[in-house]
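The structure under discussion is supplied below as structure tokens; questions concerning it will follow.
The chains carry the letters A, B, C and D, assigned in the order they are written, with residues numbered from 1 in each.
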Amino acid sequence: MSEQERVRASFDRQGLMAHLGARLGHVGPGVVHILLPARPEVTQQHGYFHAGATSAIADSAGGYAAYTLFPEGTSVLTVEFKINLLAPAVGEHLEAVGTVLKPGRTLTVCRLDVFAVQGEQRTLVAAGQQTLIQVAARPER
Amino acid sequence: MSEQERVRASFDRQGLMAHLGARLGHVGPGVVHILLPARPEVTQQHGYFHAGATSAIADSAGGYAAYTLFPEGTSVLTVEFKINLLAPAVGEHLEAVGTVLKPGRTLTVCRLDVFAVQGEQRTLVAAGQQTLIQVAARPER
Amino acid sequence: MSEQERVRASFDRQGLMAHLGARLGHVGPGVVHILLPARPEVTQQHGYFHAGATSAIADSAGGYAAYTLFPEGTSVLTVEFKINLLAPAVGEHLEAVGTVLKPGRTLTVCRLDVFAVQGEQRTLVAAGQQTLIQVAARPER
Amino acid sequence: MSEQERVRASFDRQGLMAHLGARLGHVGPGVVHILLPARPEVTQQHGYFHAGATSAIADSAGGYAAYTLFPEGTSVLTVEFKINLLAPAVGEHLEAVGTVLKPGRTLTVCRLDVFAVQGEQRTLVAAGQQTLIQVAARPER
């Protein structure tokens, strides 16, 4: 499988991403985008995206960005992440971008950026940093 | 309104928490618990809770813990948080505990702890730290 | 060597700790204290401890707390840490406490607490969380 | 005073930076560099820079980067920072770069990057993110 196929196959098995309505965008070596359209299930009473939804897609984007650089037969786990919520997350959809900052055999570090997109406008609404660990893959049922 | 009533009223307006199936547990001054039962929508292919779901309830628990100490007419926003995922999050439900570590007029800092509960067993699966800011409340529609 | 002796031997080789005037306090399994007396070299123009000094002893306290639980022939490296500066750090000395929250074969997670001590008074001035990795020790010259 | 003069005047009053042997590099609107030459006082037994020294100059670089955008009569405090140590910090000197990611009236968020410089070679050895708060300046004695 190509890195694209591996990422898409894994993404499709993630109950949470489907449940939030998130979908994969660009997938390249060391960089993955995840899109989340606005709807009441992921927003607050003022129509802003919930910080938990913003963080969830940021965490997944970073995890898959790392995963694109891992060899077959391995899997990825989030060790930790830190995220700053910079501005109200309001728009038609969010776009989370995970980018590998430092790849490694055991640990990989990613930058996380989340943009709110409204028409032509693209606003940075969250930024963070994440540590991931490469582990042996478990056989899928 | 008592702090309990204010927290419950706000929680009930949060689309994301309802959508995940989370519910409020204990609410006291400076401490709030949020419970998340296991179901495919918040777990991965192996039955573990998704890191994004774990983080989302941790962030909300900390936000409400801070909010219990805020005066009426104010609201709370997450400035940033950092969370370590310590162990596979597997069990009947997760219990996120937000505890105010340092209250302040502008900024409040909380500890975040998430436990996986299976029968009598309670395992710490995530721990973090969060900064929140007190802002003027917007009128609700 | 006992864990105490290993920690003290390593601490004594650290140029930075000596240069700052820091000294080891309590050393137990999974917990290490480091003390830093106030003097102009580690403070600012207002007599507060510099955030960089506060962080440096917090990072070292956590690193050594993890190290107490590691087997002989291994060493410890900081993967990352996050620290909140909660209150002006002013007093006769600082006391940083590193405590293992979750030990592991590869990664260990610690809590970091820093207190400012003035006579009988002990104020929490910083709190954080840290991830450490166990590596094979290099031969000392 | 220009932003450059304000930053240099403040830097010169910081006991810790002088004590470590750090000096200001480039100072521009929203970006500040701090250099730290290698010497035994800031390194470990293997000649690597100590994580505490790396973090201290990163924290200061970010703090001054924010400060360049603040109005006169104000001062800056670090609320919190998170830093990943990506590679052994070894070289002739370290160069910490603080860059404002999101300025604000109350809170400012910075990226922190630290490079180890050896001849022509420049290696990213640490990366982080920091939250700062603008406060009223205290009169200097």
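Rule of thumb we're sticking to: contacts are C-beta pairs under 8 Å (C-beta built on N, C-alpha and C of every residue); 3 or more make two chains touch, one makes a residue touch a chain.
These numbers come from a predicted model, not from an experiment.
Enquirer: Quick one: which of A-B, B-D or B-C reuses the C-D interface, over half of the residue-numbered contact pairs in common?
Expert: It is A-B that repeats the C-D interface.
Enquirer: Per the definition at the top, count C-beta pairs in contact and tell me whether A-B or A-C has more.
Expert: Looking at contacts between chains, A-B has the larger number.
Enquirer: In whole angstrom, how far does the Cα centroid of chain A sit from the Cα centroid of chain D?
Expert: Chain centroid spacing, chain A to chain D, equals 29 Å.
Enquirer: Could you give the separation in Å between the centres of chain A and chain B, each centre being the mean of its C-alpha atoms?
Expert: For chain A versus chain B, the centre distance works out to 21 Å.
Enquirer: Based only on mean CA positions, could you tell me how far chain A sits from chain C in angstrom?
Expert: One centre to the other, that is 33 Å.
Enquirer: So which bits of chain B are touching at least two other chains?
Expert: In chain B, residues 79-80, 82, 84, 109, 129, 131 touch at least two other chains, as defined above.
Enquirer: Which chain B residues qualify as touching chain D in the complex?
Expert: Contact set of chain B toward chain D: 79-80, 82, 106-107, 109, 129, 131, 133.
Enquirer: Taking the touch rule as given, give the residues of chain B at its contact with chain C in the complex, in rising order.
Expert: Per the touch definition, chain B meets chain C at residues 82, 84, 86-87, 101-102, 109, 111, 124, 127-129, 131.
Enquirer: Quick one: which bits of chain C touch chain D in the complex? Just the residue numbers, please.
Expert: 13-20, 40-46, 50-53, 55-57, 59-60, 63, 77-85, 138, 140-141
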